[in-house]
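Which chain is which? They are A, B, C, D, E and F, in the order written, and residues in each are numbered from 1.
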Amino acid sequence: MNILAFGEVMMRLTVEEKMMLEQNDHLMMSTVGTGVNLLSSLSHFGYDTTLLTVLPDNPLGKKAAADVRKLGISDKNIIYKGKSLGSFFVELGQGARPQRVTYQDRLSSSFCQMPADDYDFERALVGVDIVHICGIALSLNRQTRTAALKLAQVAHERHKTVCFDFNYRMSLNEDNNHETMKKRYQKILPFVDVAFGSQRDLTDLLDYQVKDETELYQKFCRDYQINFFAGSQRSFQDGKKYFAGFLFHHDKIYRSAAKELTILDRIGSGDAFASGVLTGLIEKWAFEDILEFAIANSILAQAAMNDAPIFSKADVFNYVDTEGRNDLIR
Amino acid sequence: MNILAFGEVMMRLTVEEKMMLEQNDHLMMSTVGTGVNLLSSLSHFGYDTTLLTVLPDNPLGKKAAADVRKLGISDKNIIYKGKSLGSFFVELGQGARPQRVTYQDRLSSSFCQMPADDYDFERALVGVDIVHICGIALSLNRQTRTAALKLAQVAHERHKTVCFDFNYRMSLNEDNNHETMKKRYQKILPFVDVAFGSQRDLTDLLDYQVKDETELYQKFCRDYQINFFAGSQRSFQDGKKYFAGFLFHHDKIYRSAAKELTILDRIGSGDAFASGVLTGLIEKWAFEDILEFAIANSILAQAAMNDAPIFSKADVFNYVDTEGRNDLIR
Amino acid sequence: MNILAFGEVMMRLTVEEKMMLEQNDHLMMSTVGTGVNLLSSLSHFGYDTTLLTVLPDNPLGKKAAADVRKLGISDKNIIYKGKSLGSFFVELGQGARPQRVTYQDRLSSSFCQMPADDYDFERALVGVDIVHICGIALSLNRQTRTAALKLAQVAHERHKTVCFDFNYRMSLNEDNNHETMKKRYQKILPFVDVAFGSQRDLTDLLDYQVKDETELYQKFCRDYQINFFAGSQRSFQDGKKYFAGFLFHHDKIYRSAAKELTILDRIGSGDAFASGVLTGLIEKWAFEDILEFAIANSILAQAAMNDAPIFSKADVFNYVDTEGRNDLIR
Amino acid sequence: MNILAFGEVMMRLTVEEKMMLEQNDHLMMSTVGTGVNLLSSLSHFGYDTTLLTVLPDNPLGKKAAADVRKLGISDKNIIYKGKSLGSFFVELGQGARPQRVTYQDRLSSSFCQMPADDYDFERALVGVDIVHICGIALSLNRQTRTAALKLAQVAHERHKTVCFDFNYRMSLNEDNNHETMKKRYQKILPFVDVAFGSQRDLTDLLDYQVKDETELYQKFCRDYQINFFAGSQRSFQDGKKYFAGFLFHHDKIYRSAAKELTILDRIGSGDAFASGVLTGLIEKWAFEDILEFAIANSILAQAAMNDAPIFSKADVFNYVDTEGRNDLIR
Amino acid sequence: MNILAFGEVMMRLTVEEKMMLEQNDHLMMSTVGTGVNLLSSLSHFGYDTTLLTVLPDNPLGKKAAADVRKLGISDKNIIYKGKSLGSFFVELGQGARPQRVTYQDRLSSSFCQMPADDYDFERALVGVDIVHICGIALSLNRQTRTAALKLAQVAHERHKTVCFDFNYRMSLNEDNNHETMKKRYQKILPFVDVAFGSQRDLTDLLDYQVKDETELYQKFCRDYQINFFAGSQRSFQDGKKYFAGFLFHHDKIYRSAAKELTILDRIGSGDAFASGVLTGLIEKWAFEDILEFAIANSILAQAAMNDAPIFSKADVFNYVDTEGRNDLIR
Amino acid sequence: MNILAFGEVMMRLTVEEKMMLEQNDHLMMSTVGTGVNLLSSLSHFGYDTTLLTVLPDNPLGKKAAADVRKLGISDKNIIYKGKSLGSFFVELGQGARPQRVTYQDRLSSSFCQMPADDYDFERALVGVDIVHICGIALSLNRQTRTAALKLAQVAHERHKTVCFDFNYRMSLNEDNNHETMKKRYQKILPFVDVAFGSQRDLTDLLDYQVKDETELYQKFCRDYQINFFAGSQRSFQDGKKYFAGFLFHHDKIYRSAAKELTILDRIGSGDAFASGVLTGLIEKWAFEDILEFAIANSILAQAAMNDAPIFSKADVFNYVDTEGRNDLIR
């Protein structure tokens, strides 16, 4: 099974020792991004993975590519051009103090500056079974959204399974008009087979008026001939945090149990969930098992540092089997 | 609004990686003290702040002054003299293992060795609205308590708002007679407008016999013409820790709700509470809002490393608004 | 009181910042092992301790010996020979993510390669009151189990109190036949006065068929004339972890209350419990007090980094007296 | 004496332990830039300094401002706007392995995006004696060069001493036409009193054809009515590196002796030299002493980590007096 | 061009901050070995590389494989089996204090325990142009030397270019008889095309009696039909260290100039030289240029941390072109 | 051979990564002092060593004692009392930038506050062959100099070999009158057998007027019946630093060759020299060999981090044999 992901690679800089930016000059660098995170997890589950992206043509780009390889992802589709890498800073949280993320401007990055026509999607898709596209490309600029759309179309025509993550974020679209963004999403969805998103993406972004959740997903999946729609959500009860997921397929919503969260580093929880769902679909597991696995992968990922999950199937099953009570593996 | 604080600057040395002193030779240094902590928080809330203190006239004193400036506090009233800085070691705790603080002798510090007459309080008070004095000065030695008393008197005569934190600690007064200490506190209180302390400070240190809490604070505030008396306290229930505060003004006790504590580093919780209360008084907020803000500031501070709080008003309001459930800020 | 322990010293390499092996190249090294852990705790409780072991005759062995001395253990019975030290890697856990331990092959270590006849047990036992032997020696190879057996016998003949910890681990005995292992344990037990183990050690390893726990321990202790049998166990309730212990003596089981666990680093919990029990027996405390102390020591040890506990009696009593609620010691 | 500097603040990320980017994820962050470096040094020499710049209006900008204050520079003229900070990576060198600097795109930074008209130069110049402008502003974009030019003009009209550092770098001007760049420099120079640059800046950038160095500087200074022209240069001999400087004033070139370099971190050597020269001019020292002091400051800065020099006058004189042989200061 | 290397992967643990083992518990882990080092350098020069080795089937092996991929080396020929990785400790040197390496026993490693028959050399060689074998395999045990010999033979028969590095070390052969070792080397040499070694390898190990260096290499190359014989050597003069190399081909010795060494970390100097020579042979450069390039690569590698060189051709040419004087690359 | 040293233990705090105090909050702690340094070296040379000192009775004192044991020194004569430990900060140097040491006030330390009468010197001397006293005790306060004098006298009467290090430092004696200090030294010298000091100690402190070095030492040794007088000195030539030593015995000065210094951390060079000399005297080596060994030990110590040397005799002989050219020990 060969999965290709298209998306931006970012440099994450985490302040050490759970301190805040003003408190500590020591940072840990890691290479992340929706595509990187998803493929890292899938690679650790045993699949062949390839990242299609653009990195700066300098020591920073080389370093990012080395990290990508280290995560088990092939770098053969990485293009080196330009000189900037998008970056963000992370201050880890503790209890009542939330984790804080500070993004720098990312539009000047090598990825965002890449002309859509310069990609050779045909070649990149040779031997690929599944293509994953991160919806953030629709928010960035004309180049990235043209490229995402074109890749979705070409992959669809080549009968690849096309996965798409809404990844819609208000903060990235302060300057984008609601109708504009809605149209961009509507344009890519007809090429999509597996969509990751939330109820709110359908009601607030796509303006669906349906109240009943099942009917809503039904309508959405029929409108765009989407085979699977899945998402995760967090909840609070009695001072504790929980994490759960759903999977919609053939007119039915499957739901996982809500599992308690013990967060070390929250970023990438959605990517960990998505890679768990994809794994289950690849392996044709029962839908309940898929959700249990995907939630477990995401809960482990949130209890570990950095965005890119590196758990094996055995690690995830260990959590499932022990109901998360295991506190030592020898 | 310009706040001046008078008090000792100390060097805090924290063992890294949550380890104990015998386990790890790697320490993180930070510059702290009641005055530093209070002003750091007030500076991050947007006020002008100045520290009146004495630092060693060597690279160590320069380093401490650099840290003070970094926290947003003016160093224009720092005096460089002598060669020692008081210091203490911190071993962070974890669950059942308490955080441990080991003080070195501080009487040889530049601050404690400074003759009280060498301060130019008149000049330091120019342009200042609020003066904060830490009660520890009353326990240290003749020089520090003479200076504290004199500053309180001069500030009071110049119609500055005088804040005073009892900060009474048994461990610092093993060699001081109860009556002696009581008299020292009684001597400074007549100059005070805003006092920070606890019920126990009034009953055990000042020997008030009043049982009813309202009557007690009433009597205390009338005796010394104190306008506001505030304090925080911790409690335990069902294996969880909680933090709450009170504010007494015009014969009435206002109380905050008790909020759950998730401690990373407990030191400085009182200073964070005090700076929250002062902010509310400066802004003339409703007393309930003041307490909610002050408790939130202290809960965040206890969930963060080091003594000096560096949260903005927006950070604190975010905690208040989300009831502390937010686990990620982008 | 002079306690000698016999057992392997190992090098522990812990990944920093709660990260996993693939995520961080920075490791913290510490010197551990059942004997080291037990003696470290006993040394911090005020007793004279000596370690009988073999370390490589190179800078690595010198470093391990330096660490042993640092923990307060005499190195006068350390033999330097060969060139390898057993090692394992630790990835700390967080909530749902378990702590993970990866052992390297340890049979090539200087300790395992030491011919049993080359030890001078007579000399090592001079002045010693209590001898502790770790049961892992029975699993390693012929040399280590011959040495352990011989030491037990000699110590018994010299009327030393012989302590023995089952420390039976499936993972170390994948290649050992059940009957073989059973016989090895049966051979050493007649020399033992104080045994540490679990109910399962008696039923699964020694094949006792007795259902009732009291009767079981009765039979076991009578069969081998064992004076004290003690052990700890963990349990889960409502998403929380608890730790408790038992002590069997003269036909009666004494049990501690179950105390909540807040784990930073779980390894060595049994050794911390055992050193607490030994301390209580040395001091001839009431059995309830012994268990309360031993459980407290182990709970503190699990809330601290590394295997070797370094708490003083005062530290442990502080936990007992405050019921673990204390969050700051000045 | 009050010095104001105008220029971009940058975030420097240095790989720890002298390793390369691909080798180590641990970085040390520091806040630098020609203005920051120069003012840091002048502030440590005892002068009042203020930085006029634009920082992102987010935690990253707050952190940079905190660092600026820590260096002793006033942050009262810092404007918070936008969300990006220019950044570069540093891999320290060792002997034959050169130090390597990797710049990210800086045109998207808050500083570069600031409209020139939004600065209130009049207000910023109140109370200022000396203004320093970094020539890099001429290379960046229309906004930065308009601002630089306007500030030079206003400062000149207000009779401030205007200092200007050519800081001309090929790598920043790959897309800029030679004639264009030449004109930009020619436009600002008439407002300049003290210029820092090299012989090559005059011949290659400004197209002076004069061969003789004295005549060249004479012509340049007369053309633009420049009072002082100074610069530093490095040389190699017998496998050793040397550093020397010159100062041109009133038709005469003064030259320092060449001092041996022992580099830990080379960046900022020109800024350290310039702050030394300015100090000498402020103090009206003999020109030979000025150069000796400026070269000493730069040699110390190159033997220390990070760009911003933090040496006191006493530190620099110590180097001068001991001819750099002192290896321990108590 | 596709190069396959066969050899053991080792874990290197370097004490941080240039300290010694007894002084610092903080270690940096890296993944090294002659094959890893050589391929890392060749991969950074732009060639396809594959490592044929055995790693433990546990998190430690996974981590080592991740590092191998990070260096740009394909992991498709890595076999996971057993549970140990050979390891050594490094204490960096400084001036008169030599760098110190402490090896643990490596015979229990997964690589050394691999039966020679379990390799599928035919499959591993598909698509490969050059095969590199490290001579240490001849010293370790029967399995490793059988495997090395078999691979050499199979590769030779398939007309691959076979490279062989003597890598003969006394310390690894204390228990091996001189005649035995000589025969092992004599057995593999007939399959070798490119040999790396020293004059001493020929005289002391292979017992050549020829005095004249040219005649010696002539005889050696003719005896075994070796096409290229190359090696590096270090020398001392006037308190400085130098590094030089030779290449023997068709009856002629080519020699590089001796370049001054500024050592940060000496290990892997021979591998860096060898990868430089192979690059030159692949590119068919003039022999003088090959040696200049190979020596430059090794000098840079010795001025950088860790064994595996990560310099690009541009980095090496920069050293060559500037004669190592460049101290800053922007 | 059993050596006892009397002197203050100090906490050294070194800024990491060769940075300065204002640049980095990360410090490395180590436990040092003339006695600690000397005994550490002697312990690593194979002798039994004991430290007689006073440490604070708190976690800081326990940590210091643990470090003392780790260095191989017995802690049986350590007294726990008071709560402060003398401390100093170290900023490592680089080339032209000198290493900088900042002392805090040490008179409030547990050692300095110890009443001289509370020591039980008789008991401490049981089994001891050699006693070492650090001259700094004469500068600190009445208690320390009374104790030093009393110990010297008692040891002399018990026929122990008494060693004394002048360790005279101007900076510690700014408030002490020349005549006063001279008398203190004159009072202790009659009990001394082996003295460490410099020519200047005799001329400037003791006011000897003799010009000729041999005559000077002759007179000094005769006046006080001193058997050996030794010292080290540093020199500069052609931009390089050198280190050499002398030993005076029976009217003759023996001198070592001057060896080149490559300094990582200069502190403790005199203690390393002294321990080398004592070793040679214990072993009754030829005087030339003693000096060669002592200088080698000190040169290695200055090329290593921290004050306390931890080199074995083999390490030192390796330097002697290879003339310091060895750059790798396997």
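The rule we apply is simple: a residue touches a chain if its C-beta (ideal position, glycine included) is under 8 Å from a C-beta of that chain, and two chains touch if they have at least 3 such contacts.
The model shown is predicted, which means the values in this text are computed figures rather than measured ones.
Chains touching both chain C and chain E: A, B, D, F. Taking the CA centroid of chain F as reference, the farthest chain centroid is that of A.
Taking each chain's centre as the mean of its C-alpha atoms, chain E lies 45 Å from chain F. Chain A and chain F have CA centres that are 62 Å apart. For chain D, residues touching at least two other chains, in rising order: 16-17, 20, 22, 24-26, 28, 30, 66, 70, 100, 103, 263. Here chain F touches chain C in the complex through residues 66-67, 69-72, going by the rule given at the top. Listed in rising order, the residues of chain D touching chain F in the complex are 16-17, 28, 30, 70, 240, 259-264, 299-300, 303-306, 310, 318-319, 324-330. Residues of chain F touching chain A in their complex: 24-26. Only residues 17-20, 22-24, 93-101, 103, 169, 171, 236, 239, 241, 263, 266-267 of chain E touch chain F when the two sit together in their complex.
Remark: chain A residues 13, 16, 20-22, 25-30, 56, 58-60, 62-63, 66, 82-85, 87, 89, 91, 100, 102-105, 107-109 touch chain D in the complex.
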